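After the structure tokens below, expect a handful of questions from me.
Note that the chains are named A, B, C and D in the order they appear, and that numbering of residues resets to 1 at the start of each chain.
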């Protein structure tokens, strides 16, 4: 049994158990889910520890350099004159995936712990939750575009229901907005996927293939096909490969999210229940970044290089725009949502730079933001659970009332605003270093983008500190008066146990960035080499 | 380990690491202790004491010996290896010792000063954490970690300024401090990134050594050519500007100085350590580290900034009534001197002044702490509604607080820079070198040393005003409230010991055996840049005389005004008075020019987000809705209508035919016959 | 001389009367009578044409067959009518409309 | 006009008139008895068509068999039937019967039309038979011939008819037995 396959399908296995159990045992569901995610985490850590590094394990465009590979034919139809249809169940990981995989498994555990608050329709919730779990892990492992797309779409459905059924007051609006946005992206992705399929042939079997790794090799494109590098086909007067890249990019940019495709995010976050917010911010956004690295850049490297400036510009706009918006919020969760937009802008900026520092920084930022946003949303969930209010202006002086909570909030806030010692600092600093370096190294991004990025860091300090000052410091004064005062108890053991690992990991990654960088370095170098071969 | 590290080196390195790590350990221990635990103070004090001893050992081992530099790979990113290491040279061991030595009395003082606080152990957690960051900052060998500690220092300062977080002013102040520091951090970060891209290394020694990479690079034809690569010349300017920004933020220089007076909301002991002696000096230390970056014009700009800040802060200090605020502006002013010193090339004098200033300013703050503490007691005992920091309420403490009074006088004299004090040595050095520097330049460069000179007289005035108002005359509060109960004392040994220790450090013998000539101070010569030649101009004689004579005159003037009450008073409505009293309106200007527009921009962008981008989405949705409505209408009334027409036609035919299917046999028969008949008729007719 | 046409016209008249009875009568027995009328119209035709076949007498013989068959038909039909009456308590075919859709 | 012709018209008139009456009346009993008259008139017409044997058979089977059967059935169906039947009211010419009348009349017109178009007297085989003297003369005795033909030329239909009769007999008996009497 392939360990990755096991990792992917363990949640489904437990999902079946939950499905078979009667609803009268609903109290056990959360423990079953927790067990599933813990086992998954265990496997992920095992994989992490056994992940081999070195120049021969770069991955990216070398199929033989992926690890824990399982490749079995899945759908093989002989279509006569149209050739043979070849879809493989093809999973494997390289440096880019491994860290995100571990991050995802851990965030899933946290999200399960955050699900304690869910009170209604537990069976449905946990079933959808586990389905979602499977899908996201699958996305990070899939190396067959069809498989990737399947997992990618499979993610959408549970999320839609999780937001739409367990969400806040405007949940339908948010769920539909989310669904339409992402569906919009993925529908076009489907077209490009089919186009790629028709263009690419497997050199071994001679049939068309969905294999992502083979899509990266220009030699595999049959002459005269739509996306062939040599034939310069056009779609609506634009080069076909540019169109393909842009379409794929939009699909993933919606996930990231990149301004101006971001407006689903604040709504979805605000309306979603805490565990879903955690998954959204912690994992889903990373799928966007991961997709851009693995698929957009991987399959259309020359387009990515030619249009790097625009990618970088979008990144910078996201950073600044998200930060300014966060500054204007009075809903705590919305503020954090906009801060996510800002932080994920660094990811795009780093990727656009196409330097080792930039891409490593981007991956680091994804991992770091995965943990930190999880922590932030969990913290918001804590306060929302107690008084069902999140308005920053309705709280004051929480520091006296909930000292431990405030301590965690401070850790999370300062880690997010890039305090050295925490992971975000390393990520952002090296992303910016890579961006600055790109002008001399490959001439893709101008210098001022790095400077604008630093301004984003400054604004990050402004909105986090302002919130801290407004909500947690000062004389105690609550909108809900004494009722709230009783309700606002300090965090309990479960919450502490949830938050502490996150804080520790954020700290550990900040002090020992090699935990991430060692694993990704070979892949990043391979990617850079691959990008600049073109 | 890059070079041959002998046994002694290894010991020194271990000592350094231990000295840095011990406060961190203390912080962790304190973090785990209960909030009110009194053990925390001793844990921290013990840690800093050991650090102090270790630092002294390291100092003794490294001072004027070859520097020690060890490093190890921290992590690899791409092909770049990022190292972590320790760089011990004269500058860093001096700072190491200075910080730990200043921190020790402050720790002792704090155990008494914070005794009644609810969050006693938290205080020491933060304080120890600060010491760790500061000690780490001074010994670290590469820019990434330097930046890290640089920000951690700011972070611990943030924690300590806002230590009494229920006070609104305190949390406003710490937010302001952190954000202003962040502005500087961005500058530093940009500079680090630019240096990294230019030289592909973060190593301070490689970059800024005598024959380091920075020195080897030249600006040529709009390109900044270094040994590794080249960047446009503008990058160098940005890097320098970034560093200047960082220095200005950390050392509270114009235009980023406004956080420091507000930072006085923190406990006074914190102000003494962080905002007077150590952290604010980090900016100067940074300048010391990256000095080779600065040449020519850049140094002049630095000098201008320092000079202007020194002058401005001194003028503000003249009129303030808040005890700590006066000291804060005085700190800004003195830091301005140091920057000025750096700018005019008085590298070692500047760092010398840093060291001496640390002692006497710390002393003055501790004095202020005692005074404020007593005022606080009076306030609480008598249930008054007064500001315990307002000097216009004080007076006559000379008798009640004799040791404090002596400490204040010594500290004040050192600050003014009268002979025999340490301040004299360092400050006159800067002044003399400033004059020497302006000699060879345009006439109006001499404005800078002249302003510095004026500033030193202003300093004399406000120091005198402070001391006279607080310690001489009658206790003014008794004028308003005649029946006050007063229990005012110097306090126990945790108060007295630090005062005495620091007082002793304010005199010249610690630094030089020659009380007059700064050139002979061991500290000065230890920090001299290679190739530095001490000028032999007449300034060496004139400046000290002019400065000190006028200073004494100014002090007498203050004495006349505040003690003798000679009918001479400032026009309190004049423009200059208001300018000074309102701190040159910087806060208001910043608020109007920066804060409000940024917040406004934020609000606007959110509006934009909600109405334009989301509005666009909604518009799309509405258009889609309209189209959908239209198609639905078409579908319902045209397409479906057609279908319905078809269907109803078929249905009516069916219904018509259905009538024949009545189940009545005769009907069927009739129908059949009718059709047959019709066929027949048809046949016949055709 | 009586021509063939004369017979044919009479038989046509009888046929039409029988037809009318079948279609319009509300009584099964009368309908049966209508059927008999039609049969007789047919027999009349057979007989009339049979006049011109003295050798084989086909017309007359088939007339005989037809008569016999009519008798059998009637017998069966009456039996059916009796059954129908028993079941539906009516012999009005208009009321027996189980075949309706 | 010969006597034969007079007789023919008379018989024809009686047959048609009685049939019309049987059709128009709502009284079942009258209808049945008038039907007798029609049958007799038809028998007369058969005789005029030189088919005396058929005429005799007609009288025997129809009048003696079928009509009796009908009457039997009518009476067997109980008093209720009678009541129901008696109550049936209706005029000869009601609006409800108009379609049926129209149909019948049109059919009649069509048939007449066909008859005249066909011109039966001038059919080729009729002409042939007249030419070959194959036509039955009023004096000829056809019974022998019929009997011989039945047993020779038409033996198969004859047997088939007999079997059919048997089946009808059994069927009718089966159908008319009372249910539940088994």
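By our rule, a contact is a pair of C-beta atoms (placed from the backbone, for glycine too) under 8 Å apart; a residue touches a chain by one contact, two chains touch by 3 or more.
Source: prediction; values computed, not measured.
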So, comparing each chain's Cα centre against the centre of all protein Cα atoms, which one is closest? A
Round to the nearest whole Å and give the separation of the Cα centres of subunit A and subunit B. 34
Distance from the mean Cα position of subunit C to that of subunit B, given in whole angstrom: 123
So, what's the distance in Å between the C-alpha centres of subunit D and subunit B? 129
Cα centroid separation, subunit A vs subunit D, in Å, comes to 98
Of all the residues in subunit D, which ones touch at least 2 other chains? 99-100, 103, 107
For subunit B, give me the residues that contact two or more of the other chains. 670, 673
At least two other chains touched by the same residue of subunit A: list those residues. none
Would you mind giving me the full set of chain pairs in touch? A-B, B-C, B-D, C-D
Residues of subunit C touching subunit D in the complex: 1-10, 12-21, 23-27, 29-30, 32-34, 36-37, 40, 43-44, 47-61, 63-65, 67-76, 78-83, 85-86, 89-92
Interface with subunit B, subunit C side, in the complex: residues 19, 22-25, 31, 93-94, 96-101
Tell me, which parts of subunit B touch subunit C in their complex? 658, 661-666, 669-670, 673
Subunit A contacts subunit B in the complex at 177, 259-260, 262-263, 321, 324-329, 355-357, 360-361, 397, 399-400, 403, 414, 419-421, 425, 429-430, 432-433, 436-437, 440, 447, 450-451, 454-455, 457-459, 461-462, 465-466, 468-469, 472-476, 512-514, 517-518, 521, 524-525, 528
Contacting residues of subunit B [partner subunit D, same complex]: 670, 673-674, 677, 680-681, 684
